[in-house]
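Next up: some structures, all given as structure tokens.
What follows is chain A paired twice: with chain B in the first complex and chain C in the second.
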Partner chain A sequence: MSEFYGRFGTGLGTLFAALVAVWLAGMVLAPNIMMVDYALRPNLPPADLGGPRDVYSLDNILYLANESVHRSIFFKTVWASALVAFLTLVVCYPLAYWLAQTAAPNRTAVVLLALTIPFWINEVLRTLAWYILLAFRGPLNALLLSLGIIDEPVRWYGNAGVLAGMVYAYILFMLFPIYSAIESLEKSQIEAARDLGASVWRTHWRVVIPHAKAGIATGCVFTFMLAAGSYVAPALLGAPGSRWFTEIIYNWFFEGGDWNRGAAYALVLLVLCMAVVLATLRIARVNLTDVAK
Partner chain B sequence: MSAADRILKGLFGFYLAAFFIYLFAPLAIMAAATFNTSRFPTVTPWQGTTLEWFNALAADTGMWQALWTSLVVALFVLVVALPIGTAAALLLTSLNARARSVMYAVMVSPLLTPGVVIGIATLVLWRQLGVGGGTFLIVLAQSSFIICYVMLMVAARLQRFDRTQEEAALGLGASKFMIFRRVILPFLKPSLIAAGFLAALQSIENYNTTLFVRGFDTPLTVYIATKVRTGLTPAVNALALIMIAVTIVGAVAYEVARRRSRSARLS
Partner chain C sequence: MRFGRTQAVHEVSFTVEAGEFFSILGPSGCGKTTILRMVAGFLQPTEGKILIGGRDMRGLGPDQRPTAMIFQSLALFPLMPVWENIAFGLEARGVEKSVRRARAEELLRLVALEGFGERMPGELSGGQRQRVAIARALAVEPQVLLLDEPLSALDLKLRQHLRSELRELQKRTGVTFIYITHDQSEALAMSDRVAVMSAGILQQVGAPRELYDNPATPFVAGFVGETNAIGGKVASVEGGFATLDSPHGPLRGRASNGLSAGAPAKLYVRPEALAYGAEGGHTIAATIDRIDFEGAFALAYGTLEDGNSLIVSIPNTKLGSAPPIGERASFSFRAENAVVLADV
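And then the complex of A and B:
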């Protein structure tokens, strides 16, 4: 800190420190502490607030553990988000490798730019595009029917729709970290592996993937977090049978009228995401400093 | 080239084609549906070609109101996020290595927090203070993570900053404020413009966080998502088509400018 004040002087240094404090204390820390406070208190009518029943307990969290429908939706959201991350990885890895190692520089630039086009329009419109495509009487069913692949229109809304829409929505968050990780790999290493007789698979498994580990971990972490916390894809592309944990949280706030229980559910989601982030980064031996670059 | 290699190459070509169809077909269909007379946006069956949905978009006052709300929010997010993000980056780069890595982890944590959680946390804190959802809370909730993007972009540029410039200015008698104003800020300008652009875009496109703190205000993303439930018409497609067209024009202009500046540098 002394170097900081030495660099900017007392006035400017204090202003900057105060701005950062407003952000981290006022806009990040305080809201999260209040959410924990809400999560641990019962939902009481105003008259009982501060009364004998207003005590801290884990009741709201235990409610989630004991309510079988919510619990199964929670676990489904966890593994479905992991599946989204995995599918996005499978979809993106070959392209990332091609862009970083094989394609001509000019072509790489054009393709990277083209990739960003769907991401300049917002997530709701991206999801809406899938909503239109997957409609029961929509273009996808019409195409498959005319090709004779299916005899009856398929109801895509539900798990399949949510998966397709989410993988689509998060491609860039996976592609860019992997691309920049593979880009830093020397071409000669891949050539050396090939000259020594390694197959294509073996070259990727033993040379490229270990090198790109940090990028892959970063992409997976972001995709998982975004998927688990997404509301719009399950709301538009889901079906009653494919409810997402965020929808349950939303209902506690705006339909069930129990903000305490909603806050408890949100807290569980937050803890889950933090745990997955930290565990993944530790397994891949990636420093948090390398994330978000 | 061996047979196995050729098969692999063919497979890869197939994958590449499939990838780009996956990427662009939904957008193309969404855009094309603008011109179909069908009340529900679709391209099958094609009931007739029309431009009426552009008129419907122009007449949709709710949509324009929502766009205005989004623009106001984005403007205030810029006012909050640019100064704080810059201050955070300056603070970060002035710390010693150990403190820096701790501070860095704290500062990127909002990026790793699900958007709905950010919205909920902001909502419950401000209810306790007697403030309900609305534009003010949308700005605060969005800024809390958009600041991270600004901080990262400014910090990336600061890493290339030559500190001897500061020493030179100091030696010439500049005050610390002058140095900030005349040396550091001009150096940061390109990254501030880029960060401002990204911040505004992030703000306008946000849905998950905004949904929880919006109160009775309706920004564009919320308006569109609500339309899906209450009666979606191709007027929304007309809006999407305009946004896609603007993006493509922007992308082409960017690529042309890039090639031109590169060939200028080479010659």
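And then the complex of A and C:
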């Protein structure tokens, strides 16, 4: 801290510290405290606020526990988010490896640029593109029909659509951490493994993946959290049977008019996400600070 | 071997005997690493072939060849303990864990690192890591061990120590070593035979002594050890000796192949073959600019009458009668200690 003040001087140093404090208090602490406060209080008409019925309780959270449809959507959201993270990993790992170790440098630059350009567009519009692609009379069905792979158009909206939309939406969050992890692996490590007779599979399992572990865990954590909190993809590409937990939260706030219950649902989702993240990091033996890097 | 339009290695053909310590010596960029990587199987030659034990290696990858490589960076796996590093090649061959462990211990004993099996590579010193890399390569029982300047990152003292250790290990195991280096003293000290390369072309293959005494090309004469080159025209060639018309008068040295009367050539004479004084054989005169004391000997740097420089090595037992600095002095050499090579 004294080094910090030494570098920026007392005036500027205090200003920076104050800005960070305001940011933390206003953007992180206050909303979360308000969410917890809302979650633990009953939904009352304005006249009753502060009255004898306005007491803290776990009723809103217990409501979720007892409501079987919401409960199953919650657990489905959790495991489907894990599936999104896994599928994104499966797509990204070979690509990241190729970009980091095999491709010529100028080709790497072109491919990374090509992957980044779509992300200059808003997420809603990108998802809308998938909405068009996956439509019942859309281009994907037309292509598959003309190739003779399917006989009738497939209804992609639903679980398949949501998965595809999310994997696409979060690909960069998985690709970049893994890419930078693999890029730092010395090429001679891979050559040495091959020279000693290791198969491609063993080289990855014993040399590349252990080296890239922190990057893989980081990508998975990012993707899982983004997927669990995603709203656009399930709203646009989903079907009634593929509802996402965020949609239920949205409904409590904007259609049910029960902010307290919505806050309680959001709190449960937040706690569960944090638990999953910490468990993943524990399993991968990666520190939270490594992920932050 | 070509990379795009660059010819990295051409006109290279040599045979390495089984159990030999063979070095490939050359300045950086001369193609020696390319040759090593072709032998290892990381590169496929665009033309020509590589035989190991009489078997054509064409189309075989590094995992299918009876070779093991020691990388310049050593490329130990930093996240595996030492014993797993050593046993990695056996693991890849599906050897059972207890057998792998026992074999790793055996190899650790061979390289005098008993008890280091559970350490991580990062906890070892440079010399110890070096030995782990050798043990890891020997674990797959290669016919040929390929070493890509593995000593270049170490300090001089350790390098000299490891030189003799490598040499001794090679004799003990009987494995053929192909050793890449740009350090001529390293190549001369360790090798049974040395191949000298320059600009993708093989210059000469021979025992260290032979390269030093009988360099076949001007490049070898200049690269292997210090030498003095004196230019001139060939006057005559007879009885294995050539006479050179030089600005310093006629000088004689052993003739190499391809000399013809009247052609431009140079006479090469080593600094230690020159003696201060006019007696014995051929004499050249130079003005001494400075004398650097090196320990066992001193090096006198002089200028010849035609402006070229001259280096003379003076044993320190004779320093008492060293030539005076700034004055003209005569140096003599015997014709059998000089060699005349055609200019290329």
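In this text, the second predicted complex is superposed on the first by the 287 of 293 C-alpha atoms of A that agree within 3 Å, B and C clash if a C-alpha of one lies under 4 Å from a C-alpha of the other, contacts with A are read in each partner's own complex, and residues count from 1 in each chain.
Definition applied: a contact is a pair of C-beta atoms (placed from the backbone, for glycine too) under 8 Å apart; a residue touches a chain by one contact, two chains touch by 3 or more.
All values derive from a computational prediction rather than experimental measurement.
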{"item": "First, second, both or neither for A:A198, with chain B first and chain C second", "value": "second"}
{"item": "Partner chain(s) touched by A:A263 [first = chain B, second = chain C, both, neither]", "value": "first"}
{"item": "Which superposed partner A:A233 touches (first chain B, second chain C, both, neither)", "value": "neither"}
{"item": "Touched partner set for A:E186, first chain B, second chain C, both or neither", "value": "second"}
{"item": "Which of chain B and chain C A:A217 touches, first, second, both or neither", "value": "neither"}
{"item": "Partner chain(s) touched by A:T246 [first = chain B, second = chain C, both, neither]", "value": "first"}
{"item": "Touched partner set for A:V22, first chain B, second chain C, both or neither", "value": "first"}
{"item": "First, second, both or neither for A:I178, with chain B first and chain C second", "value": "neither"}
{"item": "Parts of chain C lying in touch with chain A, wherever the complex brings them together", "value": "40-42, 61-63, 67-69, 71-73, 75, 77, 79-80, 88-89, 91-93, 136-137, 140"}
{"item": "Chain A-touching residues of chain B, taken from the complex the two chains share", "value": "8, 12, 15-16, 19-20, 22-27, 29-30, 33, 40-45, 83-84, 87-88, 90-91, 94-96, 101, 104-118, 120-125, 127-128, 140, 143-144, 147-148, 152, 156, 166, 175-177, 180, 201, 204-208, 211-212, 220-221, 224-225, 228, 232, 236-237, 239-240, 243-244, 247-248, 250-251, 254-255, 258-259"}
{"item": "Touching residues (chain side chain A, partner chain B) in the complex", "value": "1, 3-4, 7-9, 11-12, 15-17, 19-20, 22-24, 27-28, 30-32, 34-35, 38, 91, 94-95, 98, 106, 109-110, 113-118, 120-126, 128-133, 135, 137-139, 142-143, 168, 171, 200, 221-222, 225-226, 228-232, 235-236, 246, 249-250, 253, 259, 262-263, 266, 269-270, 273-274, 277, 287-289, 291-293"}
{"item": "Of all residues in chain A, those that touch chain C in their complex", "value": "186, 188-189, 191-199, 202, 206-207, 210-211"}
